[in-house]
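The same chain A turns up in both complexes below, where it pairs with chain B and then with chain C.
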Partner chain A sequence: MEKKSLKGWLYLLPAILFLGCFLVYPLIDVFVYSVEEGYNFASQTYSGTGLYNYSYVLRDPYFLQALKNTFLLVVITVPVSTGLSLLISVGLSSIRPLRELFQTIFFLPYVTNTLAVGLVFMILFKKTAYTDGFVNLLLNWFGAGSIDFIDGPYAAKMFVLCLYTIWVVMPFKILILTSALASVNQTYYNAAKIDGTSGLRIFFRLTLPMISPTLVYLIITGFIGAFKAYSDAVALFGTDLNAAGMNTIVGYVYDMLYGNSGGYPSYASAAAVLLFAIVLTITCINLLVSRKHVHYFS
Partner chain B sequence: MKDLKKEESMITETGKAFRARRTALKAVTYVFLTFWGLVVLFPFYWMVLTSVKSYGAYNSEYIPKLFTLSPTLENYAEAFTAVPLARYFANTILFTVGTTALMLAVTVLSAYAFARLDFRGKNLVFVIFLSLMMIPNELVVITNYVTVTNLDLRNTFTGLILPSVTSVFYIYLLKENFEQVPDQLYYAAKVDGTSDLKYLFRVMIPLCRPTIVTITILKAIECWNSYVWPRLVTDDQNYFLVSNGIQAIRENGFGRENIPAMMAAVVVISLPLIVLFLFFRRMIMAGVSRGGTKG
Partner chain C sequence: MKVTLQNLTKKFPGRGRKAAGEVTAVNHFDFEIPDGKLVGLLGPSGCGKSTALNLLCGLLKPTEGRIFFGDEDVTDLPPEKREVGMVFQNYALYPHLTVRQNILFPLQNRKGADRLTKAQMEQKADEAARLVQIDGLMDRKPAELSGGQQQRVAIARALVKMPRILLMDEPLSNLDARLRLQTREEIRRIQRETGITTVFVTHDQEEAMSISDIIIVMKDGEIQQIGQPQEVYDAPCNLFVAKFLGNPPINTFAGSVKDGRLFIGDCAVSEVKGIPDEEVTVGVRPEGFLPTPQGAFVCSLDRVEVMGRDISVICTHPACDSPVIRAIVNGESQVEPGSGTVRFDLKPSKVFVFRKDTGERIC
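And then the complex of A and B:
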């Protein structure tokens, strides 16, 4: 028995080593860092413990800007992308011909490099001395004036960021929702049809409740994902997000850690812990709200 | 009799209206889906289109043209000569292969331990593993960065690969699959005196190949697109991955204005994953719907 026990642990050893070094230890350490005041990266010393790092971060205008940007991004992209992907999935499951083709095309953004395609979005929206860019061409066709979406007004920049984020997160949502819709038992639909129930009523009274657990899953993961937005913004506005006024919370963490404004792991840790607290709170609220509205069928 | 006829015609009438409405709905659905298809495909079209326009042609178009009559491949040559794109590629391939191979070894061994071996504390460790799935990467990246810096592993493949290896979720996925292999096979192998390791390689892995291929592909996609960690631990161009390469190109590569060359680089970077996707479409989509998220 002892020998057998040993064998099991031996098989687990690599995983435990990796997880211990790069997941468990850092997790504890980040809280330690966040309360070490005046931490010096070079000498690895600190002057005291307390909550100063948190109050510094909470008063830093760059952090507040990042907080605002992230919240706006979350509030806009989560409902829009969930609603849009629901519409598309319902459309997909109601057709036969060309369905596979559409599914394949819709999934493409999932397998692309966020940084690389973000560059294409930047070019489509950017206005330079040489060209107004493609999107402004469209705007001009409709009689509107040109806007610089990349270096221009805040609302325009936010619009591009939201649009690109939605473009990136749609494939996952469409895929999950389409398979959820496909798994709804067909007999329910047949029964509803025999009763002469209208299409809209079927959707709200039958389809939506049946897929509500999946929707909740998507909304929760959507919230978590949107709160951690970063590379999309880098792709569009470059690495100096503070200068562009488009930083996100995660971006703030990395900027504190590294680069021209970096070298402050304590501030970075405090910001990361704050982010974690926000995400945890929102997820709990989501779960509480959804418990009242979700129908679980067994 | 007359009434009956009237009623009959009314029924066919509503039937016709019903069918017309259904056709209209179908048409609207197709138009809507096609519209979204265009939104998805247009950036790809634009990147290929721009990459085959010559530098001069692109910069003389104040109003961008939607097609080109004189495509050129000079931008691709430029992309490979003016910046070390081939180097970024080789680095990314090395990083992807190294990380994925290590991940597979770790995952297979621990999934086997959880699914097949009995030992004290197994359930407790499994619960701890599951709870580790909830820890966001952003929380641990700070200490990992400090660790790697202190160990002098910045700008090395060791520093790039090691913290990216483990994915608890894949251990869970593979364990579930391993458990579906009937116990009888194991006992039969034991009677024949097969060792656990041999049983794992000769029976379990071949039987669970689809899951193993799926997690391999998902991990490879994740590696190919990873940006944050490589950016933190590399500042030497010789160790850049494609994501960092593209960012460097954007900020000071070809000179800010050579957009066609930039787009050629973007095409080259995007192509491998798209080809992989077209080959393994069903497998990737099934794998992602079983629990992938955008990494």
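And then the complex of A and C:
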């Protein structure tokens, strides 16, 4: 028995070492940094311990702005992208001709570089000396005035960011949902059809429960992904996100470490811990809510 | 409800670029199922039984022909308008719903004036559950039931809306041997009690023969014979039907007709009148052998298997199409295992003569 468990630990050793060095240790270190006040990188000294870093971060207007942006992004993009993906997947599964072509088209954004996509969005939305951007041309054509989506009002900027995020995260969801839909046994639908079930009722009473584990997986990973948003905002608004008022929590952490206002690892750590707490809470709530409505089949 | 099929045909297009190999799964079906009967659709796998069933329930559209329920032409009606109940081979019980919710499901689909009150629905569901004897399991999920219980739930779900006809696709194939016997009696009982015209598909001849009022024997999309099980067994119309029905199967021999007498090998086994001289295939049911000391049909005795009431005589004959002949004879018959040969008289009603090329029965 003794020998056996020794062997087991030996097998686990590489993973434990690796995860310990690069995941567990930094995680603990972040907590430690977050309570060390006035930590200095160069001298590796700090003036005391306490919760001052947290109270600073929570009072920092940039952080509050980032918090607001991130929450808006999460609340808007997760439901919209999941709902749209479900709609598209159901559509894809109910057509036969050209299905593969459309599947490929819908999956394209997934394999496209974030920054390249960002550039395309800038062409669509950015106002330059030569043009107001493609979308504004359309708006003008319909008789509406130009809107500056990149440097203009907050709502316009938020709209572009949400649109961008939704567009980027949808391919993966569509892919997963189409395969989940395909795995539902056709005889259930046949049985329902013979019993005179309406299409809507089939969708809500049969299809949705049967793909519910996949949906929950997508919603939870969707929430986590949206809370960690950063590169999307950079792609659209450049690196000085605080100035644009479009920073996210992860962006704030990065800026505190390396940005213009960089060199504050303690504040960065405190913000990171706060993000961690938020994501953990939301995920727990998600799991609790979904436990009632999700059906797992063997 | 009487069901009439007129010239019903279903062709499936071939696969691939040239679309070659069109398959005719159901070929010109023309028959009538009288009201309240239990009909067994019987044939080897791939013969088009399930296609025929799917045409009846409307999941498939026929290439040609019409289907009538009573006097109503339902050919162009979608499945939901046909008011049929269907029991699928894998039962297709909704796994996330309880037994009660599964049985209620078809009732909850109704709209407008047809819609029952909650209490009426519950009552109907309870009735259906009692009929198939699962009223104690109403709050379980399908995964918590045995195969036989799931089968009953599937039948209850199909019956709860009082369908015009009930269709069952291989209803017993997922059950073990003991349960199969029990369940087929159950299906018979339920069908009798409800009086709903029922069509069930099976590849098991014993299953079909034992509970059907009428059996329909199919092969390669074509109907071979329709009739009461005993009729079809006693008077098969061709070699295929003769071979497909009966367990142990019929023994077949290369034979010939000469001067009004039927020969198997060199043995003149019986008189046949009015048939020209030709080479034929002779089929003899296992119970058609009568061991007699002076019998005309001489075989080499291989062994004797005692089965209690009957004994099974295993012997060989050079003209036989299979390696051994299996004869079921009365347990009191005198068969000497040591003698090496055994002589039989053949019961005329158990001997069938088929045309050698087409397999069509001559007498």
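Definition applied: the second predicted complex is superposed on the first by the 280 of 298 C-alpha atoms of A that agree within 3 Å, B and C clash if a C-alpha of one lies under 4 Å from a C-alpha of the other, contacts with A are read in each partner's own complex, and residues count from 1 in each chain.
Keep in mind that, in the parts below, a residue touches a chain if its C-beta (ideal position, glycine included) is under 8 Å from a C-beta of that chain, and two chains touch if they have at least 3 such contacts.
Remember, predicted model here, so these are calculated numbers, not experimental data.
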Put chain B and chain C onto chain A via the superposition and say whether they clash or fit. fit
Identify the partner contact of A:G152: answer first if only chain B is touched, second if only chain C is, both if each is, neither if none is. neither
Is A:S94 in contact with chain B, with chain C, with both, or with neither (first, second, both, neither)? first
First (chain B), second (chain C), both or neither: which does A:M210 touch? second
Determine how wide the angle is at the CA centre of chain A between the CA centres of chain C and chain B, giving a multiple of 10 degrees. 70
Touched partner set for A:Y188, first chain B, second chain C, both or neither: second
For the three-chain arrangement built by superposition, which of chain B and chain C touches the greater number of chain A residues? B
Which superposed partner A:V30 touches (first chain B, second chain C, both, neither): first
For A:G196, decide between first (touching chain B), second (touching chain C), both and neither. second
Which partner does A:Y258 contact after superposing on A: first (chain B), second (chain C), both, neither? first
Of the two partner chains, chain B (first) and chain C (second), which one does A:L137 touch, if any: first, second, both, or neither? first
After fitting on chain A, the minimum C-alpha spacing between chain B and chain C in angstrom comes out at 5
Of all residues in chain A, those that touch chain C in their complex: 185, 187-188, 190-198, 201, 205-206, 209-210, 295, 297-298
Give the list of chain A residues in touch with chain B in this complex. 4-9, 11-12, 14-16, 18-19, 21-27, 29-30, 33, 87-88, 91-92, 94-95, 98, 102-117, 119-121, 123-124, 128, 130-134, 137, 167-170, 172, 175-176, 179, 199, 221, 224-225, 228, 230-231, 234, 238-239, 250, 253-254, 257-258, 265, 268-269, 272-273, 275-276, 279
Quick one: which bits of chain C touch chain A in the complex? Just the residue numbers, please. 57-59, 78-82, 84-86, 88, 90, 92, 94-96, 105-106, 109-111, 143, 157, 161
Would you tell me which residues of chain B are touching chain A in their complex? 25-26, 29-30, 32-33, 36-37, 39-41, 43-44, 46-47, 50, 59, 61-64, 105-107, 109-110, 112-114, 117-120, 122, 125, 129, 132, 135-136, 138-147, 162-163, 165-166, 168, 171, 196, 221, 224-225, 227-228, 231-232, 242-243, 246-247, 250-251, 257, 259, 262-263, 266, 269-270, 273-274, 276-278, 281, 284-285, 288-289, 292-294
